[in-house]
Structures are given as C-alpha cells and as structure tokens.
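The following pair of complexes shares a single chain, chain A, combined with chain B in the former and chain C in the latter.
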Partner chain A sequence: MAETGRLTRAPALVANPVMLLRVGLIAAVLALWQTVSVSGLLFRDVVPSLGAIAGALARLLVDPGFFGHLGTSALEIAVALVIGGLSGLIVGLALGANRLLGKAFEPYLYYLGPTPKIIFFPIMIMWFGVGPGSKVAMGVISCFFPIALSTAAGMRQIDRVLIRVGRSFRAATWQMVSKIYLPAMREPIVNGVRLGFGVAVIGTLLAETKLSNRGVGFLVINSYSTFDMPRMYALLIIVFMIAIGVNALVGRLGAGRPHIKS
Partner chain B sequence: MKPAGPILVVEDIVKRFDTPDGALTAIDRVSFDVAPGEFLAVIGPSGCGKSTLFNVIGGLIDGYQGRVSVAGETVRGPHAALGMVFQEESTFPWRTVIENVAFPLEIAGVAKAERIERARHFVALVGLAGFERRYPAELSGGMRQRVSMARTLASEPKILLMDEPFAALDEQTRLLLGDKVLQIQQELKQTTLLITHNITEAVQLSDRILVMTYRPGRVKRVVSIDLPRPRTSEIVSSDAFGHYVAQIWSDLREEATRGMQDAEAHSRRERATP
Partner chain C sequence: MNGARRLAAKLAPPVLGLTTLVLAIILIQILIEAGRINRFVVPLPTQIAASFGRVIAEENVLGRFLLTAGEALAAGVLLTVVGIGLGVLLYRFRLLRLACETWVAALASAPLVLMYPLFLVIFGRSALTMVMIGFVAALPPVILKTIEGLAGTRRVLIDVGRSFKLTQAQQFWKILFPAALPSMFVGIRLGLIFALINVVGVEFLINFGGLGQLINELAERYDLPGTYAAICFVVLVSVCFFAVTGWIERWLRPAD
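The block that comes next holds the complex of A and B.
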C-alpha cells in the first residue's frame, strides 16, 4: 500500500520533466490561443480571448440555471450507465461463461459495437419521446457494448489454474464468483466501464444537441446558435474537466496489482 | 515403515480421453498405496499420464475407472484430506502472500484473526517470514511457488499432492527448494505424493519412487530409496544417490525414448498432411 502512495503522489514540478512537459504544453496552447485571438486573423469571436472565456466560465458557475442543466445531463448519464452497465455485465458474463452462447452471439456485439449509435436516435425518440428518456436510451445503447464485450473477454482470460485452485479447496459457487472470478476480472470490467462511460457521455450529450431543451448538450448547441462563443468554450471546458475527473476515479478503482511477468 | 496401513490407496485407475484420433488411454490400471508420513514420487516421461493421475487423485477430473481412497474412505471429487500444489503459476495476483496462504481457511469459514495467525505460521514454515504483505508479482518464481505450497499446507491436508511444483524453476533453485521440502516434511511428518519428471528431485526427496511407462501410463517399477533421513541437497553427491539415479534412468530411458519417437512420428505426420 505504501508503495502505491509513493508512486501516485505528485512530485515537485521543477524536479519532474514529465510534469514540466505537460504543463508546458498547456501553457503553449494557451499562449497560442491568446495570440491568435488578439491578432484578429480569424473571425472575431471565433477564437475569443482567454479573458472572455474565463468570464463566461465564471458566469456559468454562479448561474443556478446552468446547474439544473448539468444535473439533467449527469442524471441521464448515470441512469444510462447503471442500466447499460448492468445489462452489459450480465450479457458479458453469460457469453464468457458459455462457449455456445459466446460463439453464437458475440459477432453481433462486435459488429454493432462500433456502429455510430446516433443513427438510432430517431427510433429512440419514437420509442421514448423527446424528453430525457430518449437521451438515457442513447447512453444505454452506447455503453452496453464495450462493457459486455470486455466482460466476456475478461471472463475468458481468467487463468484456468486459479479456478482449479478454488475447486481443489472446495470453494462454493458464490465463493468462486466473489473470491476468484470477480477479482480476476476486475481490470477488464473497470476498463469496460471506463470505455462505457466515455461513449455514454457522447451518446447522451449528442442526443441533447439534436432535439431537446435541457442538458449540457443543449446548452452547447444553444450557445453556438446564438453565437455566444465564450460560453460555448466555457461549457466544453467544464464537460472536459468532469470527464477527466470521473475517468480518474474509475481508473483508481481498477488499479490492479502489478502483473506477474511470464 | 507402515504402522497403521496405507493412508492413500489408489486402485486400478484407468482413464481414457476421446481425441480426434480415437480413444486414448492415458493411464492404465495404475495401483499403489502410500503409508502415513511417506514421501512417494511418481516419475515418468512426458505423456505418461502423470498429470492426469494427479488430477484424478485430487478429484479434479472424473470419468475414470477404479478407486481412490483416503484412510479407508472412497473419495470422488475434491476432498479436504487432499491438498494440491499445481505446476503452473497459481498464486492469486490480487492477494498478498498472507492473504494467499489464508485462502483455504477463508473458504472453510475460519474467522479472520485466526486464519491470519495460522497462515502466518505456514508462511514462516516455507521461509517467507517478512514477505507477508508483498504481492506475488514482487516475488521471484521460486518464492511464489513456496507461497502456493504454504497455501496448500495451510489447509492441513492429510496428503499433499504436488504436480511438478518446481518444473518452471532453474536447477539450483530447485535443489534448494528440495531442501525446504525435506525440512517441512521432517517437521510436519507430511504424507506427500510428488509427480515429477526430474530424477534428481525424485531421489533427493522420496522414500519410494514409482516409475511409469510411456503411453498408456502403467506402473513399471517401484524403487525404495534407502537414503538416510534427515537429508539435505548435499546427498546428491553421494555414491548411493548416483546409484539410484542410474537405476531409475535405466528404467526410464526406454520409456522416454518411446515418447520421443512418438513425438517425432507425430510431427512427421503433421508435415506430411498439410
């Protein structure tokens, strides 16, 4: 435990060339942005100044209306992740455990998985209406595939000898699941959830930009159509930050033990 | 040598597998018994069905003819009296050493404080005291194999079954781990059945060696090893040791040769039919 702490603790900036490069890149991008903005090379307001974006960001963060939209999107994504994640986990476990089912149905998942889900949006609107229902549905069909596929693959990758160890000690089925299968599959499952989260955000927000009057996706497209560029960039920054935060959180759950090199 | 009759009796085991080339008899009427506290090695060339025998006795494969009994009771399927140590890397990578060793106690429902206490004893027994909180990936292959052994010993089996536990290790580590096994056996009076293809290892550790034939696996000969105990790996340089090794090799040579010819014929066939 102590070792992990030492690895993840942020070291002093100056002493760490990796950190220096990362911060340097951000600084360079910001500087370039500001230069382009004041130079007037592009259309006015297409590249608003950093100050204007910061101002818009500050206004958003004190606007209760914004948090209402943010809450709507967050709830839609969360519900999508729960429904899509659980069904993906169950389907993945079934396909991974049963050779016949896996062989029969996994090709469907492989081919449907990478299909852009937005093409189903009209259907989802007809089935679930123009409200949050169709957005949740878009999130569900987005995150179901990566979670199901990585669960199935994870189940198949379990070292067979670990299962024999469990059997030799006469572990009951629930003990096999809780003490061997799930811990052995933690990494692929968490990776699936991570990918699933990413595509659930895309699916949900994309749906919000199409036909809705609520959510962060709606705000973005609304800012765009009223040509409020600073506000649009501020929204993007917020979505970006939240995505990074959630990803880091999920990643922490999945931080597995170091692997045995074979 | 046999105070109270055998503790493990293996009677007329026959195991066949269905293969694309027809039924294959892996082991054919194998019978032997093991006395309490005895160390018996089963040695044979690759393909003599010794791993199959290990899995049959351990109860991990069924569909065989014959009978396995422990202390007079017929066993079929995994049994608490039989503890298995596998050839492959088998530690749980997500558990620390102590949690790995405590695993069988956890399965048996022993309370946490007690199982950690008991596991600690077996970790020390295999010489890994001080490594309790390490993860397997932080240990060497030899240390991990000792973790597996401690884990099985922690279930306090009447009979310890080991399937080539040191096969993946280098010769020197193997000899030193052999010392460890001798010492543990001395300490626990542990009845042990070791599956191996390594003659040195078999002679170094065993009271008796059962030599098996190449496919189908049958008992070819049983050799009693009358080397003094307690032993250490130094025994490998004695005359008597060399004599036993030579004797077993002369038995095995013919079987190993058949195995090799079979493998060569097989790959020739593979090449002939692309």
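The block that comes next holds the complex of A and C.
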C-alpha cells in the first residue's frame, strides 16, 4: 500500500524538471535569437527581431486573405489525400491479398516510393493545367506510395485466424474487406495515412512555390521575392504547427481505442 | 520436376511484373499513335527512349549526376556527424531526451523542405544551400533512429559491460555503439534518401545545379521527350541509390 503514494507522486517529480528544461530551452533559444538579431552579427533581415516575427504572425492571423490561401492549400491537400488514399488503399489491399500480385508489383512501388516526386511537376502541369489540378496531382502521387505500401504490409500481418473466421462465415469480398481486413489493419493504415499526409503537404506546397498564384506555398515564395522575411518566418511557423498538429491527431486516432476483446 | 515447379513459382512474379510494364508501354504507344492520347502531352515511348542518348550526350548528365550526388553525400556526412552526435547526447542525458524527443519527432512530421526560400536568403543560390536543405530536412530521422538503437541495446550486454567494470567511454564504444550500429545505419540511410530527394527537388524548384535543374530546363524548352527521359533517368538514379544503400544495410546487419 505504501507503494501507491510513491507511484502516484513519481510522474509529477519527473514531469517538473522536464517542463522546466523545456521552458528553459525555449527561453534560451528565443534569447539567443533576439541577441543575434539586435547585435547585427548576421543580416538583420535574415534574423528579424522576435517582435517583427510576432507582428507578422499577428497580421497574418487577422488577414482574411491569408485564410483564403490556407483554405486553397487545405482543399488541395484534402482532395489529394482522398484520391491518393483511396487508390493507395485499393492497390494495397489487392497486393496484400494476392501473393503473386504482391511479389510482381510491390517491388516497383517500393523502389518508386522514395524517388523525388516534385520532378513530375512539369508533366502534371501538362496533364492537369497550371491551376489547382496539377497541385492536387502532385499530392496524389506523393501520398499514394506510403499508403499503398503500408496497407499491403498491414494486410500480410493480419492474424490468419481472423481471415479463416471470415471465410467460414462465407463472407463476401466486400464483407471481408469491411469487417475483417480494414478493422484488423487500422494501425498500419493510420500510419500510412500519417506518412501520406506528410508527403502530400510537401508535394502540394512545393508545387505551389514553383508555379501558382494561390495557396500557402505561393505566399511563402511571394514573401521571398518581396524579401519580407518576418512574414516568411510567420508562414513557416503556421504551416509547421498545422502539419505537426494534424500528424499528432491522426496518430492518436490510430492508437486510440483499445482493441475490443469479447 | 519439383525443382522446375519451384523455379517457375520463383520466376512467375518478376516475369508478370515486367510483362505488365512492357504491355502498358506498348499500349500507351498504340494509344498515342491512334490519336487517343495527345502526343503533345505524352510523347511516344519510342521517342523518349530515343532521346535518352541525346540527353545524356548533350546535357552533361555525368557532371550533373556527380554534382547532385556530391551535394547529397555532403549532406549525408553532416547528417552522420550531427545527427548521431545529437542522438547520443539525447540518450546520454535522460532529462534532455524526455524534454526534446517529442520535439524531434514532431519536426520529423513538419514539411521542413518548405524552408528552402529562407535558405536561399541565408546561403545564396549555391551548392551550400542544397547541402544545408538536404541536411536539415533529413536530420530528425537520423537523431530518432540513433536514440532508438542506443535505447534498444540489450540489457544483458549493458550488464556484461558493468560486470567488467568498463568506464563510461569503454561502455559506449564497446557495448552501446556496436549494438546501436544497425539502427544508426537505418537512420543514415533514411537521411541520405531524404537528402537526395530534397536536393533534387530544390534543384528543380530554383533551377540551379544538377539533375533537378536538368528536368526544369528541358521542360522550359518544351523538349517533351527529353523531359520524360530526364525524369526516367532521375528516377532510375534514385532507385539505384536506394537499392545500393539497402544492400549495404543488409550487409551491415548482423545475422539474427
């Protein structure tokens, strides 16, 4: 019984120094930044003062135009995730379910997956035009590979017993997919979607920096060409925060509910 | 008889894959020649194949390849030194690890390459920008894999070191480091792949340097077969890079 008290107090003891260290590290970095900025050791425009960055951040967040651009990018990424995710899921299921298909085509996906996707952008412009279509296409070819590969891998690690249960109930193919395969593969699929989301964001936004007049990528490259560094820092901070937040949220979905055992 | 069947079972998948690929290319060729696909959007596969030689001969592909590979390797050296160094630091000081590991993991999910305009301002339009962007974008996985490898050292091995009264340095070099090496190499390989992707990507985006710029230039000249050929070439190069580092990784990994 005496143990209980120690166990409940322990996390607080551990958490405190960690929090302190975190706050200290952030404060140290900010202080260093401000010192460098004020000292003029580096060009002031490259390291703008914290006040300038905070001001730019505030201006962005009250600017309705910014949310228009953010909405454009978000929509492009969402459409890309739906198209790339669904096709990745279908291809992954097919490759995972059939040994021959898997062995025949998975190596291609495996080796094409880590190639730089942005180089396909000129082709995507020719196929889908200079508008949002080509950005969505960039997102699609980026996120297709990780989702297809992790679905196929996830499919192979399903407990054989579950599949046999489905078969002995004479489940139809779509029933097998919706009742057995997908629930049993939640973790690898969520992981694939997480990876896919990350690369879809990169693909779409990089395409926007190359050729577009809308979206967050366009804003970033626009701040570069007008040399508005505080604004660029503010934009990068917002994009990173959103990407990290969504990633954490999707990850929580994957690890969320405990497995139902009954 | 049995052997022949086994051989057939082994050969069937690659043959199926390759045949499908060839058939798809032939189908595209037929569709373009029949006018179903616009040949000003997708050039004939035969034209693409024919322009391979021209692109390689006229566009200094070898020089470009060496430049891009050199930039990616320089980023890889930086990644190895800094990434493993930071990983060891975080492992060594538990408090620091508790405070920072989630930050590093979070950064791994941020689109770091989007900082390239910032790097352009800081380092200029130079090879240094490429190296730095490759380095920064690929740093988090190297750190995370180093920590993972060190933290995954088997308890028994650490206890053996203790019972031999190894000093801290000996414990690190004789026990922890060798045990973590396979995982560290996974990290370095991931880092190199990320670095290559980002170097080629930024070369393409800012129209500067090696293989990435080649694609941009051919696309801007509207040399369609050339663009497609260059893209195929870059994809082949990255696939080779990926395969070779994969072999090295398997070779380094102890049989377990």
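Keep in mind that, in the parts below, the second predicted complex is superposed on the first by the 213 of 262 C-alpha atoms of A that agree within 3 Å, B and C clash if a C-alpha of one lies under 4 Å from a C-alpha of the other, contacts with A are read in each partner's own complex, and residues count from 1 in each chain.
Here is the rule we go by: contacts are C-beta pairs under 8 Å (C-beta built on N, C-alpha and C of every residue); 3 or more make two chains touch, one makes a residue touch a chain.
It should be emphasised that the depicted structure is a prediction, and the values quoted were computed from it without experimental measurement.
Enquirer: Once the structures are superposed on A, label A:175 by its partner contacts, choosing first (chain B), second (chain C), both or neither.
Expert: first
Enquirer: Of the partners chain B and chain C, which touch A:109 in the superposed model: first, second, both, neither?
Expert: In the superposition, A:109 touches no partner, neither chain B nor chain C.
Enquirer: Going by the contact rule set out at the top, does A:193 touch chain B (first), chain C (second), both, or neither?
Expert: Neither partner.
Enquirer: Quick one: name whichever of chain B and chain C touches more residues of chain A.
Expert: C
Enquirer: Is A:148 in contact with chain B, with chain C, with both, or with neither (first, second, both, neither)?
Expert: neither
Enquirer: Taking the superposition on A as described, I'd like to know which of chain B and chain C A:46 touches: first, second, both or neither.
Expert: Touch status of A:46: second partner only.
Enquirer: Is A:164 touching the first partner chain B, the second partner chain C, both, or neither of them?
Expert: Touch partner of A:164: chain B, not chain C.
Enquirer: Does the superposition put A:83 against chain B (first), chain C (second), both, or neither?
Expert: In the superposition, A:83 contacts neither chain B nor chain C.
Enquirer: Is A:185 in contact with chain B, with chain C, with both, or with neither (first, second, both, neither)?
Expert: Touch partners of A:185: none, neither chain B nor chain C.
Enquirer: Tell me, which parts of chain C touch chain A in their complex?
Expert: 12-14, 16-17, 20-21, 41, 95-96, 98-100, 106-107, 109-118, 120-122, 193, 196-198, 200-201, 204-205, 212, 215-216, 219, 224, 227-228, 231, 234-235, 238-239, 242-243
Enquirer: Provide the residue numbers of chain A that touch chain B in the complex, in ascending order.
Expert: 159, 161-162, 164-171, 175, 179-180, 183-184, 186, 256-262
Enquirer: So in the complex, the part of chain A that touches chain C is made up of which residues?
Expert: 14, 17-18, 21-22, 25, 45-46, 100-105, 107-108, 111-112, 114-116, 118-123, 126-127, 194, 198, 201-202, 205-206, 209-210, 217, 220-221, 223-224, 227, 229, 232-233, 236, 239-240, 243-244, 247-248
Enquirer: For the complex, which residues does chain B have touching chain A?
Expert: Chain B reaches chain A through residues 58-60, 78-80, 82-84, 86, 88-95, 103-104, 106-108, 135-138, 144, 151, 155.
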